[in-house]
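One chain, subunit A, links the two complexes that follow: it is found with subunit B in the first and with subunit C in the second.
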Partner chain A sequence: MATRAVEVVYRGIFQRTLARNIVRQIVFAARKDGKIGTAFGRYSDSPERNGIPAKQFAVVADTALELEESLAVYEATMVDVTINVDDTMCKGLESWAWYGLQPINEVTKPGGTLIVTSRQSADALLEDIHQKKDPYNLSIIPSTVSFSGLWVFKDDHTDMRALGAMCKACPELVSIKAMLESVQEQTGNEAKVASVQRAFDRGTSRPVEPGEGNTETPFSFDMPGWKTMEEGLVIRAQKEGTGFRGGEGGYTPGRSETFKKWSTRSMRPVINFDTCIKCTLCWLQCPDTVFDITPDGLYDANMEACCGCGVCEAVCPVPDCITMVGEPEFNDNSSQYDAWTADKDGYNKWMTVLVEKQKSETRTHGFHHVGGYAEEIAASEEA
Partner chain B sequence: MATVQDLPQITGVKNIPVEEFYNSGHRTCQGCESALVMRLMIKAAGQRTIVLGSTGCMYVANTTYYSTPWVVPWMHTQLGSAGSAATGTAAGLASMMRKGKMTQEPINVIAFCGDGGGVDMGLSAISAALQHDEYNLLIICYDNESYANTDIQASGSTPWGANTTFSPTGKDIRIMNTKQKKNMAPMIATGHPNMRFVATACASYGLDFNNKVRRALTIGGPTFIHCIDPCPKGWDYDPKYSHELGMLAIETGLWIQYEITDGELILNGPSRAIAKGIRKRKPVEEYLMRQGRFAHFLPEDIKFFQDKVEETWEKWWIPGLIPITPGQDD
Partner chain C sequence: MATVKPRLYEESKEELISGSEAVGIACALADVDVITAYPIRPYDTVMQYVSRLKADGAFDFDFIIAESEHSQFEIVKHASAVGARTFSGSSGVGWFYAFEAITVTAGLRMPVVAMVGNRALDDPGAFGVEHNDAMAVRDLGWHLYWVATAQEALDMALMAWRIAEDPTVLLPFALSCDGSFLTHSQAIVQVPSQDQVDRFLPPYKRGTLQLHPDNPITIAPQVNEDWLMEIRRQTDEAMRRTSAVIRQAHEEFREIFGRGDPSPFIEEFMCEDAEIILVGMGTLAMPTRVAVRRLRAAGKKVGFLRIKFFRPFAAEEVQEALGDAKAVAVIDRDYSYGSPSGGGVLFHELRSTLYPLDKRPLMLNFIAGLGGREVTVDDINMMTETAQKAIDTGKIEQETTWVSVRE
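The block that comes next holds the complex of A and B.
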């Protein structure tokens, strides 16, 4: 095998520049090693949407012929290294042209490496990462997840750290020497070269045994092929809503059975039902029709449908009634309203702890104001 | 003229219908305000409605391979043909009912288009549709100020100086999009004497938008609503600020909310308060500096923007509507 591939799994738009920097730099560095490569985005991810998981690839080969041969495949089905730049995607990906949930390590080859940018421990991540039949390695880049936007890039060296870790995990793909030379040449920035070297030096990996990890089976659907579609390309409409969960009073809208959207989320709203004043704003302003109306007039966010945009938190007039909390804190999509009705004191205690913790561990979510990224980088360097 | 449905005005947020006909399961961006426009539009119109969508985000992201968020009948039409699809559907319904092939009943026909499909390509078809006063139809233009679906190309609706893939800011030339945003709703209102209702709206003011949709559907004949939709992808901001940026667009005086019924203009919400002098306009800097697409602006660019807004409000014959000032002799 003289062709090797890397995939970068990233949040659409938020981390697009970051992913592009990584795959392009791999190709530039491969040339220094006398190899040839190409970098490309997955066709079916375009046009990208904010937050919806997407992929970009770098393929490196010894000769042009081998590279061409590998490119005859529409999308890499086996990669040497998977770089996941947001740890919340360890729960699985539902890309926007994909049906069902794809495990983060699905195309990582046996003995390959999964690199994750995260502040979590390997054991915590393996609670989310789906199990695999074959062994592979897990490598963690300990850093805050980097989010920016389409036009302004948050240059916090996450791309450089990922490159260093990749050279450590798979030296056959690109040597660290070639990478350092190439980064120097492309960026002319000593600090970036140092970041690559540091990530390489600190890079460790932990073997993951077959069967280790999340034992849940990812959800999937059987979609009709072009021969079984209805005449005139008819798509059946969604079901109408009902009373709260099919009962009396309240309202539960119909939910899509084929696209859940929760894997788009890196934060989720946590609701304080006791302070809710039933103003309707979170429900009214939610673009994803997430809120069920309970018979007592409260609003329960459905965690299968919520994509974590945070509009509900922004429009809520009550301080701390809705708080966006980082997704790593949760292991399932169960209803908060159910938890609250079952045990109000227990729920409130759990919620208070989470909200307090959130204040010290803010996940940023894109552009806030001009100069904001520089402030964030300075703050994270101090910490 | 066909009869219309009985859709009374909604008197408060608590009375907004709970029924949803645009569900979850669409593949839009986090915090997509255009998806909210769809949801609130169909909430106000109700179940006996046919929705027609021209190509754009609200087509592509809503109906990827065999999935849809719509509960009501929906059809895709080409980029420039929101107007023709609306007329055709309304005419088809009228004809089927006349021939007795369908039960006589008022069915709402709503066609939507983005700013690419409406302000740019679909303008002529919309104009034609709005001349047919024998059909009841509503055309909604959801304006996110770029071709956002295909990764943010500049449209006729993109504001001056905004960063897009067609107008990327550079070291030598900072301002690449030197065109001003088209003045769409007034162009429609002044040019189509057969139509009875034109409005501008923003989904950040959900109740106001709901009521405008209902007024448009019940007044009879062809109607038009132009919505401003903050776009977290193309405008480059944290998705949670979608609602706030929509409000800021109006509070800074950049977007003016009004409705024109039978030639009579009424400003709504903050725009009304600004016009009456009850409320001061916020500086546009507050709006601009929150968005990555304007991050390259220098103070002089912000001033240019502010001056344009001042001109709109102070010099135009009708603020926000008619970009004409009285000549020397008048």
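The block that comes next holds the complex of A and C.
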């Protein structure tokens, strides 16, 4: 039976139109191939929250009957192609309707393809992407992440490149011929048609072997049943905090053991402990009680609690004391304070490089966009 | 009032749209005069869509964003009284907030058409589908219909104005669309041409009941016990009359648009010679049909009956469809706490429908898919097995079962 599915993983609200364009275009193109399809968003992501990972799907079948068969399962449990339009989500996904961390490739089927828009190498991405027991393929569309701010669709052809790469990775789903015709018909834009063709021509993929990738066990927990859940829709307050990590002096706030949301962030704060004036503002303004107070009065950000909002950077009165840095620079959630106390010179050197690099990055905090579309399209063509 | 006739679809055309967008297109094709809106998910998807049609100049209508659902439904009620074709809608507790206006709309015989984007009632705040919201109008003189596909959403919206505005009926129409599965999923839909719609749907004429300076009338008086029963009986009679109107409209619909089930009230899927028949409403049809098809392929005599019109309820057709079954398994995407079997609303309706039969099937009830939880093919298989066990042993161990609930 020939039913095929694609999921698009995207940052809620910021990339909604991008994701929608991709899944709709797949169904239109499949129609040209004489197939029938449907496109839908994962309703439990809805209403979308800013930047929180979300999914949309396209399901294509040869006949209406086959389509109905496949839709007996609302959210596909296996897809032929996963398209991830922000590489920082390679670390895993947490939806706002919290049920743990899902690997980016969780539903990519054996032999399927994970397509990622990224400036990173496959090896760098595989440090983040969780290992699978079955082989699959990794295809990278070399490009800067497509963000323009709240609800704003950045028409930088990321959707077109994803479609071209998808036709290359899974021609059984939609032929490139049908895709080109359909894009021409839907957009009437030659440049977009050319972008699809170029991504198709340049699309390459690298096989990923079973067991290759991030070996971390994704965070999960058991959801309670009706007999164990407290009645009356009660959510208990977090327990009181303790001294720093349970010891003497300082302070570690009570935090939920199950509710974490680090995959929401695409950047994280990096702290210069030497220039910190201990003014308390980051600690006070942080909406997620991310900061532990160390016994010496510094502030250490807990990366399992941080959603990357950047308020700390905004309120910090000291230049470059707190800098939001892109997530691709990090492979774990370890404590910066621990790294600094272990090797101050080493830490400061590492931090200075990151902070300087950040100044030339196009990824800015709050999913804003720096630079013009034209330059970016040209740059990605050269890449 | 809208003066420009929209010509969105000169020719019939395929579109990739959600159930909500399908209803929005139906509004344009039906040339609705007044639409009132107040945002609540998932109904708001239709509000967004008609807003876009208006902004694009594709569909001209009076668009009133009310300050609450209560006003939203008051406004269409009044607009309907002066002869405007109307559309409104809501979801979950938003629909409940409008309830005073909703009850009087039927009482005053205003043929308002509303889309209920089915949503779980608060609390807890949840966006997924449950049927209790729309179900609340079942006793009040509203037509109540459950849609299964985006195509059906478009088709039934057109049917809704035709039926509700019939001079012998004049009762409002609630079009229930499962949140998410219908309101947020895009499917290929055949949109009819404007000419086809014009042939099917005559203009709304309220006649001597129209509130107009040339027809001076007062409506909605206060009455006492000397008057009320007769008024209730009139509404009751209108609800009885509507069945024939529905049949007639359905026949013409099939003729003009070339699609539609044999019956407007129910859909029978592999029910012939079935020993076990599953019964459900709305998008439950999708996994259930798939499960039934597979069970049939494995030689099991299983069928599925989809109730489309919950009001009016086609008791005779349902008796006919279920009368020869050995067991009937009713899937409720709703609940009725403290009800006779502690089961759902649909179950009790069906048990009551089948009671007069000489030979009554065994009846089981399954509460499933609340809050939008997926009802899977495995769930349906479990229900079928439970029903088979009841047939084999001749007794029902448990009338009501909650499906896929964590213990």
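Keep in mind that, in the parts below, the second predicted complex is superposed on the first by the 349 of 383 C-alpha atoms of A that agree within 3 Å, B and C clash if a C-alpha of one lies under 4 Å from a C-alpha of the other, contacts with A are read in each partner's own complex, and residues count from 1 in each chain.
The working rule: a residue touches a chain if its C-beta (ideal position, glycine included) is under 8 Å from a C-beta of that chain, and two chains touch if they have at least 3 such contacts.
Everything quoted here is computed from the prediction, not taken from an experiment.
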item: Fit or clash - subunit C, subunit B, common subunit A; value: fit
item: First, second, both or neither for A:Arg24, with subunit B first and subunit C second; value: second
item: Winner by number of subunit A residues touched, once subunit B and subunit C are compared; value: B
item: Subunit C, subunit A and subunit B - angle at the middle CA centre, rounded to the nearest 10 degrees; value: 70
item: Contacts of A:Lys261 with subunit B and subunit C, given as first, second, both or neither; value: first
item: Which of subunit B and subunit C A:Pro135 touches, first, second, both or neither; value: neither
item: Which of subunit B and subunit C A:Gly225 touches, first, second, both or neither; value: second
item: Partner chain in contact with A:Gly100 - subunit B first, subunit C second, else both or neither; value: neither
item: Contacts of A:Ser46 with subunit B and subunit C, given as first, second, both or neither; value: both
item: Partner chain in contact with A:Thr280 - subunit B first, subunit C second, else both or neither; value: first
item: Lowest inter-chain C-alpha distance for subunit C and subunit B in the superposed arrangement, angstrom; value: 5
item: Shared subunit A surface residues [contacts with subunit B and with subunit C]; value: 46-47, 223-224
item: Residue ranges of subunit A touching subunit B (in the complex, touch as defined); value: 12-13, 46-52, 96-97, 99, 149-152, 223-224, 229, 235, 237-241, 251, 253-261, 264-265, 279-281, 284-290, 293, 302, 305, 307-311, 313-315, 324, 364-370
item: Complex contacts: residues of subunit A adjacent to subunit C; value: 24, 27-28, 31, 36-41, 43-44, 46-47, 68-69, 71-75, 223-227, 233
item: Subunit A-touching residues of subunit B, taken from the complex the two chains share; value: 13-14, 16, 18-33, 35-36, 39-40, 47, 60-61, 63-74, 149-152, 163, 203-204, 206, 232-234, 236-244, 289-293, 295
item: Residues of subunit C that touch subunit A when the two form their complex; value: 14, 16, 18, 41-42, 123-124, 127-128, 179-181, 184-188, 286-287, 289-291, 293, 372, 374, 376-377, 405-407
